[in-house]
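In what follows, chain A forms one complex with chain B and a second complex with chain C.
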Partner chain A sequence: MSIQYRIIHCLNQFFGGIGGEEQASTPPSLFSGARGPGMLLQKEFPQIEIAATLVFGDNYVAENPEAAIREILGLLTPYCTENRPDLLVAGPAFNAGRYGIACGAICQAVQEELDLPAVTGMYPNNPAVELYRLHTFIARTSDNVMGMADAIGNMIPLGLKLVREEEVWPEKDGYLLQGKRKNIFVRETGAKRAVTMLLARMNGEPFTTEYPMPVFDRAEPAPPIKDMGQARLALVTSGGIVPKGNPDRIEAANAQRFGTYSLKGLQALSAQTHQTAHGGYDPTYANQDPNRVLPLDAVRELEAEGAIGSLHEYYYATVGNATSVENARKYGQQIAKILVADGVQAVILTST
Partner chain B sequence: MTLKLAYFEINDIVFGQETIIDGSTLVINRESLENTLKTSDKRISAIGLHTAMPGDSTRILCVKDVIEPRCKIKGTELGVGNTHILKNVAVVTCGKIVGFQEGIIDMSGPGAAHTPFSATLNVVLDIQVVPGLSPHEHEEVVRLTGLTAATLLAQTSTNKNPTRVETYPPIDPAAVPSSLPRIAYVYMLLSQGLLHDTYVLEENAKQGLPRILEHTLLLDGAIISGNCVSACDKNTTYHHQNNPVLRELLREHHKRLSLVGVVLTNEPISLDAKKKSAQQSVELVQTLKADGAIMSKEGFGNPDTDQMLLIRGLEEAGIPTVALTDEFAGANGCSQSLADSTPQAIAMVSVGNANERILLSPLEQLLGPISDLTKLAGAYPHSLHDDGSMEVELQAIIGATNELGWQTLRCREV
Partner chain C sequence: MVKEIERSGIPVVHACSIVPISLTVGGNRIVPTIAIPHPFGRPDKSIAEEKALRRQLVEKALHALQTPIEKQTVFE
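What follows is the complex of A and B.
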């Protein structure tokens, strides 16, 4: 089959063959031809040629997305003026949060700035999905690299439909819901559907509303504390700081629980007593000195100075990496209940 | 106290010497009917009568209302006795723009799928009035002329045999099978005044609502539209005459549910009045000892609050409710769809996003006052293209997102 479509492929440092986490700060660079999963892509879709592969470090993009995207657009623009490609494909990023953010941001930028169709692929719980699903098409993938072939099999036909400006649907074309509303004709009238839905409700059968009410979660800031010298303070983190060995086995991503750990008699955390369970950032510095994420050392100093009244005896930790809003909300409510019962007035909540 | 709806199936309309039914053809003496209508109201300066048939390359513009031709036989009391109906026929009234929300009916092309009246045999009345009339008088003239025309056309059936007859006995809410869920229908009517009026038994719905009204009265045309809300979710008189929610409930009556009554409610303009209306409506539903409720709507924006107050009130009273609404989610579908919401609204039927745009193909014949085209709600200054095609929002099309659930359109998440 002859080449019909030329694409640009975007990969992080790992899939781009530059290196692992130690190369996560690598600036973006453009290579000609296919790399890593791009080889598989070309093999599966002989009508496609990967004109160039853009490789970037996860942290380089995730830590300063605005500047990084400008840099990436600078690299891509010359490619898009002469011998313009048909499509940009980013990832798949599976369940990798930082990689997902980079893929989402690049797709959005090339669509808006270069008017180039773009597609990426992610696991539905990847936190980048919530950020970018409205702005770009995200093909459904599994949560890890084992699903590479399926991911490519979803992303490419979807991307080519976008190039050809054909109509696409989430179920048929395997992409994640974008949160947009769209009209369709169905078999039954609205009146008939309403009666059917009501009968289901009356009979205790399952039914699905056709318009879920929009609910916005607004956290009202608590009023300022008048006298911190009298206040009881607690430490909470989504940065994954746990006692050494991770006794509750909190997941490195998409945490299914939070842990409750004693601070009694501890003046500071140390590499001997604590570690991080978080799988979404470089753990080196947190493991060297866990106070960097859960600042017990500084709080004990403030307590000794009388700047705070007292410290709650336990701290609470979970992993924010790829954790769903629904679960995060549940953990927050459970932790808050305990804190309120103990008379805590203030919390230092650290994230990573 | 039984209502009999006698249907006369009409398959064609032609102009002829007499206004009569000939087999299944409605023959109209055009000049004579135009004159009769013109002389029926001194405020009419000119009237043009046209037909628009399914499949015609015809666009009807600035549509005010659509009315099914009906007349009472042997006695005039509404809700009982015999009513003759010309099935498949609709009287479509057009006039110059007063409220900016008059609508479009396309008889063919992509727009046709979005209106029920691309499938009816339409008698189109283009009505012009004498100078100096107020907008309200203008609308009254158009409304009354349409009703007169519908009655005159239906009277051609007086001595004929109907194609079929439907019989509707009264419902006794006390005598329904105890095993079936008792369902009330909450029927919201636009009643904001200022060209946003609806008439119930000839009274403006601003007064006297909420109230319970017998289904036989509703089936017999108790409600007349008199409003200039957006075409897409304006319930025309035709929609009221053939209310699909009421029809569906009656179809299931004594089978899977018992219809215990219809509560007509209004959509007033102040928050206090909205709250009071919602509370009274809930109380009326409770007097019917309803186990569940189904709710239709008219209009959007302001009525969103009426609907949410009603849903909250019913759900808090322990009455599970399913409500129909349309959406205004922006042309790209990315915005919040309603102006108000309540967490109790867990069972909504969405009849479509009225902001979605459609390209209407050029059609050969334009009926109605065409100079006002781009002023219609849902149109844009550049809606009308050089080739005669028009890009509009669905909101410009009569009945496109009808909140009585007439259409098969729905909106979903993608």
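What follows is the complex of A and C.
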């Protein structure tokens, strides 16, 4: 089959073959041809040629999306004026939060600034979905790279439909809801359809709503502490700081547990006593000085000066790296129970 | 985790480097930190400067815990 479409592919440093977490601060650069999953993409869709691959470090984009996106547009603009590509494909990012943010931001920017159709792919619970789903096409994927072939098989047909300006639908074309309403013709009136659904519900039969209600999971802000100098503070982290050797073997990704660790007698964390178990960022700096993630030294200093009443004897740690929302909720509930029982009044929760 | 602890009535300050994620998942008191691999650190500075910056961030977090809020608030 001859080449019909030319696309630009965007990948993070892992998938782009530049390196691991130690390369997460790499600025974006443009390479000609396909890299990593782009090879699979071209093999599965012989009518597509990847003209260029843009590769960026996860942290470089996620820490400062606005500046990074301007830089990326600067790289892509000359490219898009001569020999304009048909489509931009970003990712898939699966359940990777930083990667998802980058993919969403790039897709939105090239659609709006370069008028180029764009598609990405993510797991529905990826935190970037809520940020970008209204403005971009996010194909549904599994939560990890095992689902690469399916993700590509979902993203590309959707992207090509956008190029050809064909009609797309979330359910049929496998992308996440954008919150758009479309007018369609149906045989039965709304009243009749609603009553049919109601009867089905009353009879305990299955039915599909035409307007799923959004789920807002929000916690009311708790009242402030009147005087931290009188209050009991606890430290919690999703940054994976654990005693040296990771005694509970908290997983580097998709954590299945949290740890409870004593701070008694400790004035600061150190490379000798603590380390990170987190597999989602370069551990060099946290392992050199774990206070960079869980700032015990500063907290103890402020406690000694009376700015903090007292520090709870334990801290609680898990790894927030592709950890499921259900597990995180469960750990939060369990930790909250202990904190309430121990009379803790305020919490600093640190995340990487 | 932030929300579940907050639901128990204990105010939580979320100190994190990717503020949009905290806003999306429902953090109420948010303090932006320095960088993903070292939220409370600046490895390029001297140890004294780094410690001073870390202390400032913790003080900001304590300030957030003592501030009444009605809605999600980022303490820049």
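The rule we apply is simple: the second predicted complex is superposed on the first by the 250 of 352 C-alpha atoms of A that agree within 3 Å, B and C clash if a C-alpha of one lies under 4 Å from a C-alpha of the other, contacts with A are read in each partner's own complex, and residues count from 1 in each chain.
We take it that contacts are C-beta pairs under 8 Å (C-beta built on N, C-alpha and C of every residue); 3 or more make two chains touch, one makes a residue touch a chain.
The model shown is predicted, which means the values in this text are computed figures rather than measured ones.
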item: First, second, both or neither for A:338, with chain B first and chain C second; value: neither
item: Touching partner for A:40 - first (chain B), second (chain C), both, neither; value: neither
item: First (chain B), second (chain C), both or neither touched by A:214; value: first
item: Partner chain(s) touched by A:177 [first = chain B, second = chain C, both, neither]; value: first
item: Winner by number of chain A residues touched, once chain B and chain C are compared; value: C
item: Partner chain(s) touched by A:308 [first = chain B, second = chain C, both, neither]; value: second
item: First (chain B), second (chain C), both or neither touched by A:285; value: second
item: Touched partner set for A:188, first chain B, second chain C, both or neither; value: first
item: Which of chain B and chain C A:101 touches, first, second, both or neither; value: second
item: Touching both chain C and chain B, counted on chain A across the two superposed complexes; value: none
item: Chain C contact footprint on chain A (complex, rising order); value: 21, 24, 59, 62-63, 65, 97-98, 101, 127-128, 130-131, 217-228, 231, 236, 238-239, 281-286, 288-289, 291-295, 297-299, 301-302, 307-308, 318, 328-329, 331-333, 335-337, 339-340, 344-352
item: Contact footprint of chain A on chain C as seen in their complex; value: 1-18, 20-22, 24-26, 28-29, 33, 35-41, 43, 51, 54-55, 57-59, 61-62, 65-73
item: List of chain B residues in touch with chain A within their complex; value: 113, 181, 183, 244-245, 247-249, 252, 256-257, 291-294, 296, 320-325, 327, 329, 332-334, 336-338, 341-343, 345-353, 356, 394, 402-414
item: Chain B contact footprint on chain A (complex, rising order); value: 134, 169-170, 177-195, 197-199, 201-203, 207, 209-215
